[in-house]
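In what follows, chain A forms one complex with chain B and a second complex with chain C.
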Partner chain A sequence: MYGFEAMTFNIHGGYLEAIVRGHRAGLLTAADYNNLCQCETLDDIKMHLSATEYGPYLQNEPSPLHTTTIVEKCTLKLVDEYKHMLCQATEPLSTFLEYITYGHMIDNVVLIVTGTLHERDVQELLEKCHPLGMFDSIATLAVAQNMRELYRLVLVDTPLAPYFSECITSEDLDDMNIEIMRNTLYNAYLEDFYKFCQKLGGATAEIMSDLLAFEADRRAVNITINSIGTELTRDDRRKLYSNFGLLYPYGHEELAVCEDIDQVRAVMEKYPPYQSIFSKLSYGESQMLDKAFYEEEVKRLCLAFEQQFHYGVFFAYMRLREQEIRNLMWISECVAQNQKSRVHDSVVFIF
Partner chain B sequence: MEKFIDNLSPMDLMRSEKMSLVQLIIPVESAHRAVSYLGELGLLQFRDLNAEKSPFQRTFVNQVKRCGEMSRKLRFFKDQIIKAGLLSSIHPVVEPDVELEELEMQLAEHEHELIEMNSNSEKLRQTYNELLEFKMVLIKAGSFLVSNNNQAVAEEWELSENVYSSDRYVEASSLLEQQMRTADQSGLRFISGIIFQSKALRFERMLFRATRGNMLFNQAPAGEEIMDPLSAEMVKKTVFVVFFSGEQARTKILKICEAFGANCYPVPDDFSKQRQITREILSRLSELETTLDAGIRHQNKALTSIGYHLTQWMSMVRREKAVYDTLNMLNFDVTKKCLVGEGWCPVFAKAKVQEALQRATFDSNSQVGSIFHVMDAVESPPTYFRTNHFTNAYQEIVDAYGIARYQEANPAVYTVVTFPFLFAVMFGDWGHGICLLLGALVLIARESRLSTQKLGSFMEMLFGGRYVLLLMSLFSIYCGLIYNEFFSVPFHIFGGSAYKCRDATCSDAHSAGLIKFRDPYPFGVDPSWRGSRSELPFLNSLKMKMSILLGVAQMNLGIILSYFNARFFRSSLDIRYQFVPQMIFLNSLFGYLSLLIIIKWCIGSQADLYHVMIYMFLSPTDDLGENELFWGQRPLQIVLLLLALVAVPWMLFPKPFILKKLHSERFQGRNYGMLVSSEFDPDVEPDSAREHHEEFNFSEVFVHQMIHSIEFVLGAVSNTASYLRLWALSLAHSELSTVFYEKVLLLAWGYDNVVIRLTGLAVFAFATAFILLMMETLSAFLHALRLHWVEFQNKFYHGDGYKFKPFSFALITEDDD
Partner chain C sequence: MVVDHETPSLENGQTDKEVEENANVLQFMDSMDAYLTLIHSLSSTLRRGWLELASARHSMGASRVNTVLLDHTSHPAATSLLVTQDEGKVDSGKPHFTLCKWASSSNENSLLGEKHSSQDKLHPQLRHRGSTELYEEKTSSENKASREVDDPVQKERSKSLSMFGTLVSPKLRAAQLSFEH
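Presenting the complex of A and B:
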């Protein structure tokens, strides 16, 4: 019942919404980032973080720190919070929360499969996986030789199974195939998530469709840019675009035929929301595009908190926290490698 | 009068301690010692002079980091000690303080030692686990394979089935044999190993899928639990044997085993070989066990020796960290040879602070002494009350509303008595009072024991308020005696009742009433009122009037305190245009009502006070008729009414206009603002005394004054009405206890049945304990709290100060516990 969430939302979702808003208040602020950017060593970063919500997770780390430890511990905090929320959630919020992790699951599957293709150690690969995207039999992925086996052996048990129906081939796995698989899976996942949110209705549908549409459009642009100059045909490229979003369908037609970055730019500038992103970039430049997209995303995610009684806040919080961890990773890397001049290149301020 | 007030001896708790802003200039070499002496003294609150610097830009950041590192090590030791289950045996030993550097070395050494020991024992433990697992696999998997061997001997498998039909794995073994018979030709092979029980099912499913069903999976739970090296918990594992054929299947299965974390151990086909290996393993196991035990003993010894010092070390590191955190708040002076600190310190403690500084200079053989001098302060000093065990709880009650402004009259002085008393008015029952008293006495008797141990949040609250509880219970007994209620039963304690029956049978006592035959009952309510027809009207009228008397008295006290505040801060404006009209307004209306109540009680008149009060406003000139209580009441009422009417504009208009006049006089002719040069930046010199030139906004002041006046005028009515809660809660309490006594206890006692009587008694006891003693105590407590916070304190209390938080070692509590 659209517009009447206020009457019933709090019965099941009120507690968790309060929790998630409390977590959001714990995100690092611009002042925190300023202080972090001035740090000289990783110990300084640890010391500064110990005054924030990350404190308990970092306090027992012995002193020669590594960037990976910091990122690992910060991610652990996110995972703990996520698990807590998932435990407390009831339907349909629990399904919604599970949907948030599918993206990581796809990434993990791709990571393991690529890794085994290049004969890497499974244990080592497992450590690199995002903990949010872990599922029980993930280590078994290494056994599979082709897509069909991959599906039949492992993925049939996971929530990713339905998305796989489109990309089951008996072809052997190679880098190109895996990349296409990743995009097909992600595409199917986004569409499914979008449909699920539409089914939930109300403010959730409204806000989430906006956020997911942005995600889909960003992916469309990224796929286009990355596939320029590869052997991917136009039709195949077209297939990888999601069937919703602002660019659907006419933008997709145009993107599918783009041959260089400036053509992409010309397509995107027809869409007012994306004009501002591309107007920041100089012609022919695609390096800063990621950052520009991230900034736009963060802005949209923050706006999700302006409205109450919807599930978008959970999605937004998880994304914001991930962005924060990316920021922390970048800052710590810059500090560790004495490249402090480049700190601001990739940090996206959240507030 | 003025003289009399001036000559009153100063009350300690009435005004907060006089504070002064002091500056310390300490030579670097004695700074650490000086700060730690000050921490022991605990009477100086340092101001952060480096607030704009982030934590890692400060001077002593390295030391703070080192302390953090050391406390991390100490936490590690503590974890290890708890893990080894040794914490109970710790007796802190008092030893002379070791140097920080020395301690750091010691800690590093201990940590290194412990980590080495841990890794050693971990390695041992791993080998031990592996052997143990191998042993189990041998035993269990052997039992799968045993049938295989037997079958070879027995030749006829039907026969062997008969022989082994009593076997536990009858189905499995017979199936197995079927397979084995064909296996001889097709090269059937097997892998045996051990896996976590929780993963076994999924493992089997995965194997099934990977080999397309061409395998046979046997499993049996391992007999013993095995310690998981990661979580150090005992986990259950399952031994499995997979039979399959083909090389490709083998690689697949091995990969799956690896993915599932299953450990594979080869089991020889040959029975005698199996036995031999088992023997070997058993002997190695026992060897390892002794080694492990020795290792654990060694480790425990090391941990115990650490444990002896742990508490001391922890408190020492905490102190050091606090000292460096404080040193980080200090500034270096220009020459970089001295540290400059600023802080608040109570005036009485100046000598002690100076003495501590001198001691520090002397002890660290410094050439230059520390300089200590008083500075002028712009901001208002912190509020510091020296409380003791008894007054602390009452001060907390006041502080919970707001910390007193510096040197403002402290309501806690009066709260000590008025709070328990107002509580008791609502909770008057001397039976319940005695129960509370016993509870309070238990808490106080165990004070020394309870104060050292950690209590739950509820007990902590109860314990913190033990002296409040004590006075509350004493006053409850007093009020209960006045109400003459003991679990709602009246007693003839102070002599006989003043009433007697009209005739001998006393049959019409409830209809026609009793007659008075002697002097009134000497103390409290006459027991004969209980159960009579007019009990409620009488008690209600009594308690209602009493509530108003108490309320008017307390509100007057509040206004009088505002007078003392105004006197103390030398603001004659507040006395003339706030205190005086407020006094007149309140007393001409509700003070007069109180007077009428007292006169009515004294002369026993039947006048209707409602009528008097209402017609005092509606038609003040009318004749009072039968409601006249004393001569000249009508003119008095007219005068009072006029005074009240005059008081309202009196408190509203003059003050803002006079303030405006004063302001314009002060800045007369000063049409130019002060030049603000760039050097004179407020951030550069935060300590110099500068005159804060505030813009005078007349409309703001006027609106403010208007709000205050309206609040007071309306508040006079609503606050007086609010005091009627004393009556309402007291009524509710006595009615509730009557219900429980009459409808539960007496009803049950009416039956001649032990079970019913006991049930009744139990229900009565529970109701008394939980509803009357706990819930009612809480509700009466809350209402008393409200009467103090709102009705009493809004007359004079600003409550916008901030608390004095001295740098003190005694206040550093364990933050990680």
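Presenting the complex of A and C:
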């Protein structure tokens, strides 16, 4: 029952909640980002990061550094923290933590399948997979010719198996089918995660419902904008939206028929939480939409830490770290390309 | 007073040879200026393209936009130049330049897009017999042709982006256009 978590949560979850709140304190601040934005070279960035929690992961990297190296090492730190928390967690927290990684698993599956379709080397593809989404038989994905084989040979023994029931066909894997598979899997995963959190109840259900609904709505907007001008039909676009969220179902019906960014804006401005996002954009512009959504997401994730005795802090921490890594990637790219005037285009401050 | 008949002097005391050399130097400087302008334009377009690619990677994620998915094999450029001799026209014998957008290398006869660039545009002050009506006809046919080739050109663009997925961010399409230019 909501409100009594304070009596029992700390028995199994107290230690890890303290751990994750400690990790949260190590997130980069606005002062750190200001220092990083003034760096002239990637070695300067490495020097500034050596004073942060990323220091031990970057100190042994030789010069000249590459932006992908910085991103890989920062991701490695996140993976180590996650694995430490997972091995200490008991049920149902351990299942909750595993759910957080299923999105990366889906991305890795699609990467391997897409790369194999375009005749890329499997070993190189495996190196580009996200470490949080790895599983034992992932390399076997390269031999599948259609979704039925994909499921039968590899995915039946993975946590993604239940999500495949909606997209198992014997059709060959081509670009459009892979895209539909990606979005269908991700929708099924989000809905399953949502139901799991509802089952947990209490503050976890309340906070995670809001965060997952926001994620579903953002995906709906991105799918709409990315499909404008493509051969994806309105019906197919509608099928890629999730079955929950603030926009479900009427917002989805209107988004499905949008033909340009201004029509998307007109739909989204009917919903007060998203009115503030689109008010930051000028008409016809979609370049800053990603940053606006990330800023809103960071605001909601930070609010998750205002309450105790729930699992939402773990999800919020993982997402905040991923946002931090995105920031570091963008700053590194701007420094490497000598485009420092554009560095604030995509950096989202967390604190 | 001795008059040198072999090198007639001009008003400024310059010979024909010096005038010609000056004209050549001026033409060289103009060409160099045009070249530097083009180099600067190319450099800024490439810089914009690389930044847009980084922006697309930031938006779509490193798993969807990375070096492994890029096609490192050689393939035809987005724009190629076709030089032909016009036959049966008034000024036959002069080369005719055609810019082909996304021409298929496997089938050279199926040009997916054409943008005619005749010598009229290179030297607009030169006029050809009946060029006014001909130019107007060419302009209207170019507009019609440009609308007709838009779809195949868009298809080729989508095909080259297919390795990143079917639903890609507008930032990736913008990067593609920058590199195409």
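Everything below uses one rule, namely that the second predicted complex is superposed on the first by the 351 of 351 C-alpha atoms of A that agree within 3 Å, B and C clash if a C-alpha of one lies under 4 Å from a C-alpha of the other, contacts with A are read in each partner's own complex, and residues count from 1 in each chain.
One rule holds for everything that comes next: contacts are C-beta pairs under 8 Å (C-beta built on N, C-alpha and C of every residue); 3 or more make two chains touch, one makes a residue touch a chain.
Just so it is clear, the model here is predicted, and its values are computed rather than measured.
Visitor: Quick check on the superposed pair: does A:Asn226 touch chain B, chain C, both, or neither? Answer first, second, both or neither.
Guide: Only chain C; A:Asn226 stays clear of chain B.
Visitor: Under the stated touch criterion, which partner chain does A:Asn108 make contact with: chain B (first), chain C (second), both, or neither?
Guide: In the superposition, A:Asn108 touches chain C alone.
Visitor: Between chain B (first) and chain C (second), which, if any, makes contact with A:Ser137: first, second, both or neither?
Guide: In the superposed model, A:Ser137 contacts chain B only, not chain C.
Visitor: Give one of first, second, both or neither to describe whether A:Met329 is in contact with chain B, with chain C, with both, or with none.
Guide: Touch partner of A:Met329: chain C, not chain B.
Visitor: Does the superposition put A:His118 against chain B (first), chain C (second), both, or neither?
Guide: After superposing on A, A:His118 lies in contact with chain C but is clear of chain B.
Visitor: Using the touch definition from the top, say if A:Ala18 reaches chain B (first), chain C (second), both or neither.
Guide: The answer is neither, since A:Ala18 touches no partner chain.
Visitor: Is the number of chain A residues in contact higher for chain B or for chain C?
Guide: Tallying touched residues of chain A, the top partner is C.
Visitor: Identify the residues of chain A that lie in both the chain B contact region and the chain C contact region.
Guide: none
Visitor: For a test of understanding, state which residues of chain B touch chain A in their complex under the given definition.
Guide: 54-57, 61, 64-65, 68-69, 72, 75-76, 202, 206, 209-210, 252, 255-256, 258-261
Visitor: Given the complex with chain C, which residues does chain A contribute to the contact?
Guide: Contacts found on chain A: 68, 71, 104, 107-108, 110-111, 114-115, 118, 120-121, 124-125, 127-130, 175-176, 178-179, 182-183, 222-223, 225-227, 229-232, 286-287, 290, 326, 329-330, 333-334, 337, 339, 342, 345-346.
Visitor: Going by the contact rule set out above, which residues of chain A touch chain B in the complex?
Guide: 35, 38-40, 43-44, 47-48, 50-51, 59-63, 122, 136-137, 139-140, 142-143, 152-154
Visitor: Going by the contact rule set out above, which residues of chain C touch chain A in the complex?
Guide: 47, 50-51, 54-55, 57-59, 61-64, 66-69, 71, 154, 158, 162-163, 165-171
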